[in-house]
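Note that the chains take the letters A, B, C, D and E in the order they are written out, and that residue 1 is the start of every chain.
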């Protein structure tokens, strides 16, 4: 029976469109290759206990391999080891584990790089005004899950702001940062956080957002006070609604990632492992397989590589 | 004569405890029937079974000769059976007036009542105050007081006033004077006579023998979950009644003596 | 009269006057205390005013501007509407953990019925409201007829509705621009009325009207009194003639419909239809209810209190952010201030008895 | 003689309601003091104030001539004052034995009691059953029944049995026979006499005049939140007492007549 | 004896026998019903066994293996321990929303005290346990002495403790390898005992012992009886001589300490110390408690019931996953099964009265 090979996909949540698409991609690929795919997810971002339970379930289920986007990159390591000991191949998707070689392979985008690109873009776009920019940072959650920290710190690095401790956000002292607030990564939170920061300083002109839904919410708040046209919103993800928002000028630029690619590569790798025990190759020069990140904007700036909205729309994922 | 309210072979068990053990029961039109018995004999269980508050495990209840199946006290109330339960059944946080009119609130006349469904508070409060005055419950200082702030006796007074005001076919009183003072008890007894004179039959559960012998037309003696016998107060003495109900004496043989 | 009762002859000529005592309540303070006692929602109102004053003094015009103050109203609009639903449920000694899920599912239904099936927006909104009513009915039926505990029923329904929401919507967001172009009715509650610097959205106005209406219904109709009676002691309510089942089902259905309205208002607020919204609506609505002085054990409290409770949280959140507390510290201080607000509440109540 | 329990100028207000209005109170050693009065006169409030269940707004309580400040009923209990409240104060879901020994549980002897702190259930159950039998509460079928499943009268019996078993200095009974049957009431009265013969003074609140006049040494008549007068049962008739307490007659002028 | 009482002469010779009725309870079914009635925790046990059997039939040896069955135990260990704390609190008619936060903070304290300040692990663990006790004490003090509602107190404390946790830990995860090298004591509860295919961690064993101990204490000591009395009716308990304040404070402190143990066990389970753990502990522990038949209104239920409740959820979760339901379908079905389990429970109870 072809469906004898079972693979597991464990994502951080299954409510974020990013992971939904990743799952769709994996399911489609598994179908194509005649494998069985079982998917699991944490209930909220940062919920790694559910991920531990999911790994255990996969072992009990006799799966051949696990695709994992870890909520806590170091906590999960001992469970991953348990799975590998049981003969499963474990591939980290999107987020590398720490240490990175705790997984058999990593297919990822660099979240820090994604942040850095939009930071550089925003700085270049402002030009000389970047020195007196007023920046709003719309982050994910007070628990500071890694992905949020990486994107946030990447943005600041790209913008040219001293990071303080690169493992946490909110400890920067640069006066250009008006404040950090949390959005839960959705529109509602985005709007509320933006309103709070606007009440603090109505002259904010750069808005970093953790993802595109938060950016859409922030835009609503700006629109409500009539400042939607003089504020630069940048974001990360590259989902189809997000890219459409870039096209409509709601978001200035977004860093696009490729979850479908990660997922299909991952499924192929598990099949290879199950059939002849080969492990996937890495991108030359890196300790992981880079599925890439691209800056999507129609307002390209010098010194930051970007793709057009048209191209971004072609490659968007949901 | 046909009983207005009749129970046959009523059984109610609570786990291992048998509260009603094939109990029969008859209430005739226009009479005051007293129910007496030891604590735990099953008197409250009996009246709960005939008023819809518990559904008996076995046995039937007949109203006006027709078998009835009460699924809730509301069914019984709709048939005109009004009950004062021993636990009084009031909402502690609501006011006296709210409690008296619970489930039968009065609405304002005209538009406000019909479309806004607004309650006619002044009217309900006035009626409530009148009913309480009839019972001589003068120590209630504020008709909008929450019931939980009333003294035990005051609370009982409110419950009795409610039943007397609204009962149209049968009124059941489970120890209505237990917590009442001398003056208030007297008023309740007068009220009972009064209700009877309006032609409405009453079931009165009480441990107060003088009261029972004063007002009852017939006395149902309850023992160990069933009807032991029914006596007339003028044919037996109080001390006989006490002897029957506590098992000190054998009851008269013809069970339905009276 | 039997001889046993002869002591009752003493009753002749007994007083018939209502008991009266010296009225100690003359002073202003005493009258104030009494007012607090009979109108419990005054207490959160006072806490609200005090916190407004404190933040006003600390922050000056940044906070005491019509803009900032109406911003608070906008920010609490959704929580307030959901809190109204939650209040009615909690008054019956229940709890509704599914409010947030019902809200989101209803908004998704409104959006998807318009965009996926091409229904006219009016009809889609009606379907969304019906969806809320159905969810509420299921809750109410399980609680009233099957006699299951509300906490468990709504916990289960929360998971069921939320999962349905994700499965049905396939996690797709409908963008604000598309809605504005094709079905502006969905964003109705986002419309604004400006009066000077003050900005009132239709959502805010809806919230205020809803609270006023519910306050009226709970206080001045038989249904409202029955809600309190059921929350107080359902057995006593049943024995004294309240149709407890009917009341419970109607309460949960009403809550469902109000949540659906909240879903509609949510579209107005965030512009788009997003299946990931509303994850905090449960805890935030319950917080508003309890800060507002409604007892979780049912039967006590008023809906106005919930409204003030929601505003207290809104004021604290915005005020702290403006004072420069960062997100984590704000989180911490709001925790402390929740406890503080309720402590003040308890203290005022105690003094006022 | 010095009163064993004394209250002076006690005031308790509930919102607009004045339950105690500068009330005085004296209980002498070895006596049975009855407290009578209309519903809502403030009798329960009075005994709550002297037993620590409510803290009076004004006024002082003296025990054995020394001023005491009871902050909770536990303080009063530790001084040997045992009270049966009108609301009975029982935990409905717990068993009869658990309720009787609440706060003074017996532990197994030896290791299991000392280190594992294990309760001696068989012993507690035996004592509980004995105490109930003394009161003639024979209809209780199962000593491990939850209190909520008892009939009103059975519940009251349990509460009285608890107070009688543990009171060492003063026993306060707030309407102990209100819900009791004839047999059970008689047992309670006997029990009261019994306790008195052990030298323990008793405060008895009751609306039952025959009972009051039968057992009381002195009768404290309460009206509108204060002590109206104190009479001796052999100097006045029941009808006088009723007339005083309802305001039909002026009380004897020397307030502490008896 | 006064003449008024002469009717009492009728008492002479009255029966002194205890009332007796025919014993209808002879049949097996009746005796079974009676057993259910007096031992309420049998009901969740039965639901548990039934669900085990159903999944066993559907999944065969994949599910009915010692490995899978003990895996369920491991997966519910943390929830079970926290649920034990939650049970004791809920028995007093309270609720503790801060259990998850206390658990995480305690584990962070254990980790950071070892690694940041270099304390010996034994001492760091003791500090972690003390941290739990302190958090519990604050909860208890606010509830018992300040008389604030438990829901609000622990809601506020939840936010405070969680924010403290994030601020203090600076979001640093302490890696499993480091702990294994330098302070293996922290991972104690992760140690395994293998018996055939069955794997028991020390955490699982601790859970079982904890539940047995609490069951004993609640049933057979005065303190345990007082906990029930306080939950039943705090006023009556106070009037009948229970020191309600002392009981409440001790209950919340005990809950805090148990949560700290859960934090220790958590390190054993996930290997590392991660400040983002435990976000679902509240809702999961409450779910276990309520499925286990403990009333949220206090005073009724047993800790064994909670244990079975936690296992029921564990069995459903693993069983559904193995059946191939994806995450959202699993949530949906677990929602339905939560309601179903409680419905069965109610039904059995009704039959058994």
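Rule of thumb we're sticking to: contacts are C-beta pairs under 8 Å (C-beta built on N, C-alpha and C of every residue); 3 or more make two chains touch, one makes a residue touch a chain.
Everything numeric in this text was worked out from a predicted model, so none of it was measured.
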{"item": "Chains touching both chain B and chain E, listed by label", "value": "C, D"}
{"item": "Chain pair, A-C or C-D, that carries the greater number of C-beta contacts", "value": "A-C"}
{"item": "Approximate Å spacing (C-alpha centroids) for the pair chain B, chain C", "value": "40"}
{"item": "Intercentroid distance (Cα basis), chain E paired with chain C, Å", "value": "30"}
{"item": "Approximate Å spacing (C-alpha centroids) for the pair chain A, chain E", "value": "37"}
{"item": "Distance from the mean Cα position of chain D to that of chain B, given in whole angstrom", "value": "29"}
{"item": "Contacts with two or more other chains, residues of chain C listed in rising order", "value": "4, 7-8, 10-11, 14-15, 19, 166, 328, 331"}
{"item": "Residues of chain D touching at least two other chains", "value": "14-16, 40, 87, 139-141, 182-183, 209-210, 242, 246"}
{"item": "Sites on chain A at which at least two other chains make contact", "value": "14, 44, 142"}
{"item": "Pairwise chain contacts under the document criterion", "value": "A-C, A-E, B-C, B-D, B-E, C-D, C-E, D-E"}
{"item": "Contact set on chain D toward chain E in their complex", "value": "53, 72-74, 77, 83, 85, 87-94, 98-99, 102-105, 107, 116-119, 121, 136, 138-141, 162, 182-183, 186, 210, 213-214"}
{"item": "Touching residues on chain E, where the partner in the complex is chain D", "value": "1-2, 4-5, 7-8, 10-11, 14-20, 216, 220-223, 225-226, 228-229, 232-233, 235-243, 299-300"}
{"item": "In the complex with chain E, residue positions of chain A that touch it", "value": "14, 23, 36, 38-41, 43-44, 46-50, 52-54, 56-57, 60-62, 71-79, 98, 142-145, 149, 165, 167-168"}
{"item": "In the complex, chain C residues that touch chain D", "value": "4, 6-15, 19, 21-22, 24-25, 34, 37, 353"}
{"item": "Residues on chain E engaged by chain C in the complex (per definition of touch)", "value": "3-4, 142, 146-149, 151-153, 155-160, 162-164, 166-167, 283, 286-287, 290-291, 295-297, 328-329, 331-332, 334-339, 342-343, 346"}
